[in-house]
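Paired with chain B in one complex and with chain C in the other, chain A is shared by the two complexes that follow.
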Partner chain A sequence: MSATITILAQHLLNGVLIGCAYALIAMGLTMIFGVMNIANFAHGEFYMLGGFVAFYLVSLMGLDYFAALPLAVAIVVALAIVLQHSIFRRLREAPMMTTTLVTIGLSILLENAALLLWGPQPQSIPTPFPTKPLSFFGVYTTPLYLFCMAVTAALIVVGHVLIRRTRMGKAMRATFQNKESAALVGIRIDRIYAYAFAFGAALAAAAGAVLGGFIPVEPATGGIITLKAFVVVILGGMGSFVGAIVGGLLLGLAEALGAGYMPTGWKDAIGFFAVILVLLFRPEGLFKRV
Partner chain B sequence: MRTLKLVLAVAVSLAVAPLATAQETVRIGVVQPMTGPVAYDGNIYVNTVKMLVDDLNAKGGVLGKKIELVIEDGACNPAQSVNAAEKLVVRDKVVGLLGAFCSTSTAAVMEVAKKHKVPLITGISTAAQLTEQGNPYFFRAVATTPMLGNAFGPVLPKALNAKRFAFLTLNDDWGRSMQASYPKAIESGGGQIVANEFFQQSDLQFLSQITKVKAANPDAIVLAANTQQAVALSKQIRELGVTVPLVGEGAWSSDSYIKLAGPAAEGVYGLVEYVYTIKSPINEAFVKEFQAKLKENPSKFAGAAHNVLHIMVDAIGRAGTTDPEKIRAALEKTDYNGLVGNIKFDAKHQAYGQTVYLSLVKNGVPDVVETAKIAKP
Partner chain C sequence: MRGLPVAAALIVVALCAVPLVVHDEYFLHLFIVSGVFVIAVLGLDLIVGYVGQLSLAHAAFFAMGAYTSALLFVRLKWSMWAGLPAAALLVGLIALVLGSVILRTRGHRFIIITVVFAELMKLVATNWVDMTRGFMGLPGLAVPPLWIPGIGTIDITAKSHFYYVVLFAAIVAFLLCRALVRSSVGHKFVLVRENEPLAESLGISAFRYSMIAFVVGAALAAAAGSLYAHYVGFVSPDLFNFSYVTIMLIMVILGGKGTLVGPALGAVIFTFLPELLREASHWRMIVFATILIVATLFMPKGIIFPLITHLVPRNWRLRNARAA
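Take a look at the complex of A and B:
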């Protein structure tokens, strides 16, 4: 009996760890969608870039791990700002189909640029944490996993507070609800767009940099990350922050428990099956956008 | 008018020039994944054939002509691999094809080879059914997963000092055929199977699967994975506190895996068709050149590239012509001595007679701890 509980606890812990990461990535995606009305298919590439830049800062330039993580995020954000200024600002009034196609093109461009720059070799970011696993009553984890969970959870809270409590967050939510009215009351839409895109990219890059310690990153990683993020965002409701957080945790737990107690070949099917159900019976997602 | 004629003449001669040189080379087409999930391993293969073709050309090429490689990216994707093979055969007029990597892609490219009557050799795709189709243009210069299982399964329980075996493999033709064929051979050696789990090509973390395997309380875990997933798998297995020996088909003895996995690679067994620590003059020469030019130790994909390229060039030499039909006939009579000993093809064009290896990583070096010979099927 106690062995069954230990295994259940292990599955739950695995689910929360992965779920936090899904939530963090999906928050960025849902923010870009909500504010800019862009379905960003290049979102996973920001995750991949975050991982690669952190890897290069730590292992080649010998930077301290804890300094490299924020610096990697800053570098990816700088790139995101350039992209937003040079591409997405010009497409503000373009139909969604156009911006979607542009993001798909951008994802291919970024993936292949990474392939050319860094080659196809998968890389793990060296971390200062001891690799010896920790055991709590037979449930295993490592300091790195705990660190990942703490950082992703903290960033989720920070993101939530930023959107709920600050002036900028208020302006974002206003833009969200009605762009024209927001502009009329003096909100600088251009700036809000730039913030949203940079912030969304920052969350994805942070996830890439933190998870890169135990999930090797390679140029093609972005594709599956984008896919998972869309699953979460559709589950939680396009443009809903709470939805992204809850959806991310739900998907992480569903995958962990589903794979744990059903044939593991079905692991990915669980998330996508949930998406089909949500689209059929509750197309606005579990949470409506706010 | 005269100037115009001159310009035309120059234009025509320029246009014809590449054609003329093209006929003076023997073109071999390569379809390998250079992007996508197994791009790293695919690129090792491609770099190896490039290096070896330079060597062969320095020694005079084949049929008195230089060998020219035409390389296309198949991305481990059946549709893209078919397009690549069509282009190589129809546009580049290659006399033979080498590829593809993933069994599903090779199955698709086989049909192109058959349609255009051009011989195709794979050195990597191990799904059993490929050679069962009786495709006369397809040759496989590597042991299938069931053959490898038959050769090593009976000795695994003793070699690993294990009784309870758990399987955790990629959910594709390769991993599925491994889980279908190994258990019988392992049971004949006194082992028993306690878990059968899968992961997807796109999976980045395996925590659920590992937890499940751990719950079955195995003495050893049998794995199938290529480099990227092998690194993440072995790290995550250790991170969840599982300490039993790991034994795998795939990347488990390659330099890149050992380097990336670090301490997690120590004590991992590999079931491999090639490992760079084989002691033979031909292998030692190959390893030396590989280290000098490509700055790492050759992986099994480099070994596969060495085998198939030489088998193809050997057949072209014996055929005495670039007629693909004659090359195909020459391939059937292959009796090649290479890195892994002697290779012949049976009636279904499946290679046999070669040596396979059980390697064990110790201090970052995959030592050969056991060998077996692939029996004629």
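Take a look at the complex of A and C:
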């Protein structure tokens, strides 16, 4: 009896980290969606690039692991700012078909650029943590895992506070709710666009850099991550930050349980089924807007 | 105006002459594959170009058609002549069920659900090993002989023969789509695309007309998939890869969405072009992605169709403009 509970606890623990990562990525995606009205199909590529840049800095340039993580995020954010200025700025007020096709194109572009730069093989970021597992009441984990979990959880809180408690966050939420009124009270919409995009890219890149030590990154990762993040956004309700956080954690836990108790290969289907069910019975998502 | 049927007849004659002129097996192969893509892409143009809904499930319909036909062949010994219509019918029905759920939503949600559906179907093809053999795929599909009344049975396994089957299918698909978009149904497609509230206020159900385009488009994709499966002789979950839907979208967008002729030509050009770029295969997708971004941002009408309308005499242009 207690063995089954231990196994269950093990599966749940395994799901927390990936759930936190989903939450981080979905928060940015929902922000970009709400502010810019763009379903960013290239969003998962920021996760992938965060992982690859961190890998490059640590493995190939010999940088310290703890210095490499923030630097990798900074590099990806710089790239995101360039993309925002060159491409996404033009998508303001563009029809949905245009914005979607452009972000799909961008996703393929970034994936293949990564393929060209780093090759197709999955890469793990070397970390300074000891690999010896820790055991709590029969549930096993590693120092690296605890570190990743702490960082992603802290970033969720930071992101949430930024959105909820700062002037910029307030301005973003105002733009989110009503663009014209926000502009009327003096909010610089173009600046909000740039910040929202950089914010989203930073969260995704941070998730990628942190998880890269744990789950190997490969160029094709971005596409799957984008899809999962969309699943979370639809589950949580498009435009809901709390929904993105709770939805991300739920999906992570559900997938971990699925990986534990279902035949292999089907765990990715859980989120997809959930989306179709939500669409049928509760199209506005599990949580209401903002 | 009078020149158009003559030109069309000349094009058909030229297409019929291809196997007589092209003896290189590889080029003939490219012609056959581009014919298959023409059929699939015409279906996509109905959805994307005419009713204006961005469906990312189209390549999945193609792959499902290929799998249906392949499974009927492997498990029940159905030949392609029975498998192709069965695939079109079954996938059309699946699109009807799927559409009844997802066509009620509009906008981003619709796009995301189509890609989620496509991914789900890939998981089924990969993981339902007892039925689909998973990653190993289904090999050994054959092209059946063709029986023509008055002539008898001919073997069409040779590329130069199978080419005509695909050409015939592509012409039929084109005429079918052309008839559809020129009918009153097609005019309603365009109205739904251009102004949905107006369409609804006139009692034209956006849901119903989107559904017609969605189902017909899916059936065409499935028919194309069935031809492709029997021609290549092998299906695997790779058919569900996202790159297929990307390439089909490039064909439609660069061809000129909502014109049928443009996407059809786009299908031919973008089947040949990647092969010519084979030397730089790493750069191929980067080039394609760049083309897609630039064309979507700066050339919303596409490249190929506007180019033709510039080249052909003006009195044809009027008619094409009206058709578009």
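Please note the rule applied: the second predicted complex is superposed on the first by the 286 of 290 C-alpha atoms of A that agree within 3 Å, B and C clash if a C-alpha of one lies under 4 Å from a C-alpha of the other, contacts with A are read in each partner's own complex, and residues count from 1 in each chain.
Simple rule for what comes next: contacts are C-beta pairs under 8 Å (C-beta built on N, C-alpha and C of every residue); 3 or more make two chains touch, one makes a residue touch a chain.
Keep in mind it's a predicted model, so treat the numbers as computed, not measured.
> After lining both complexes up on chain A, report clash or fit for chain B versus chain C.
Clash.
> Based on the superposed arrangement, let me know which partner A:268 touches: chain B (first), chain C (second), both, or neither?
In the superposition, A:268 contacts both chain B and chain C.
> Pick one for A:142: touches chain B only (first), chain C only (second), both, or neither.
In the superposition, A:142 touches chain B alone.
> In the overlay, answer first, second, both or neither for which of chain B and chain C A:255 touches.
After superposing on A, A:255 lies in contact with chain B but is clear of chain C.
> For A:18, using the defined touch cut-off, is the partner it touches chain B, chain C, both, or neither? Pick first, second, both or neither.
The first partner, chain B, only.
> Look at A:131 in the shared chain and tell me whether it touches chain B only, chain C only, both, or neither; answer first, second, both or neither.
Only chain B; A:131 stays clear of chain C.
> Of the partners chain B and chain C, which touch A:216 in the superposed model: first, second, both, neither?
first
> Could you tell me if A:39 is touching chain B, chain C, both of them or neither one (first, second, both, neither)?
Touch status of A:39: second partner only.
> Regarding the shared-chain residue A:96, is it in contact with chain B (first), chain C (second), both, or neither?
In the superposition, A:96 contacts chain C only.
> Is A:120 touching the first partner chain B, the second partner chain C, both, or neither of them?
A:120 sits against chain B, while chain C stays out of touch.
> Identify the residues of chain A that lie in both the chain B contact region and the chain C contact region.
112, 115, 223, 263, 265, 268
> Which of the residues in chain B come into contact with chain A in the complex?
On the chain B side, the touching residues are 34-37, 39-40, 42-43, 171, 197-200, 202-205, 207-209, 211-212, 214-215, 227-228, 231-232, 235-236, 238-241, 256, 260, 263-264.
> Which bits of chain A are touching chain B when the two form their complex?
Those in contact with chain B are residues 3, 7, 10-11, 14-15, 17-18, 112, 115, 119-124, 131, 133, 135, 140-142, 144-145, 214-216, 218-221, 223-224, 255-260, 263-265, 267-268.
> Mind listing the chain C positions that touch chain A in their complex?
Per the stated touch rule, the residues are 48, 52, 54, 101-102, 105, 107-109, 111-113, 115-117, 119-120, 123, 126-127, 242-243, 246, 249, 253, 282-283, 285-286, 288-290, 292-293, 296-297, 300.
> Taking the complex as given, what residues does chain A use to touch chain C?
That would be residues 33, 39, 87, 90, 96-98, 100-102, 104-106, 108-109, 111-113, 115-116, 223, 227, 230-231, 234, 238, 263, 265-266, 268-269, 272-273, 275-276, 279-280, 283 of chain A.
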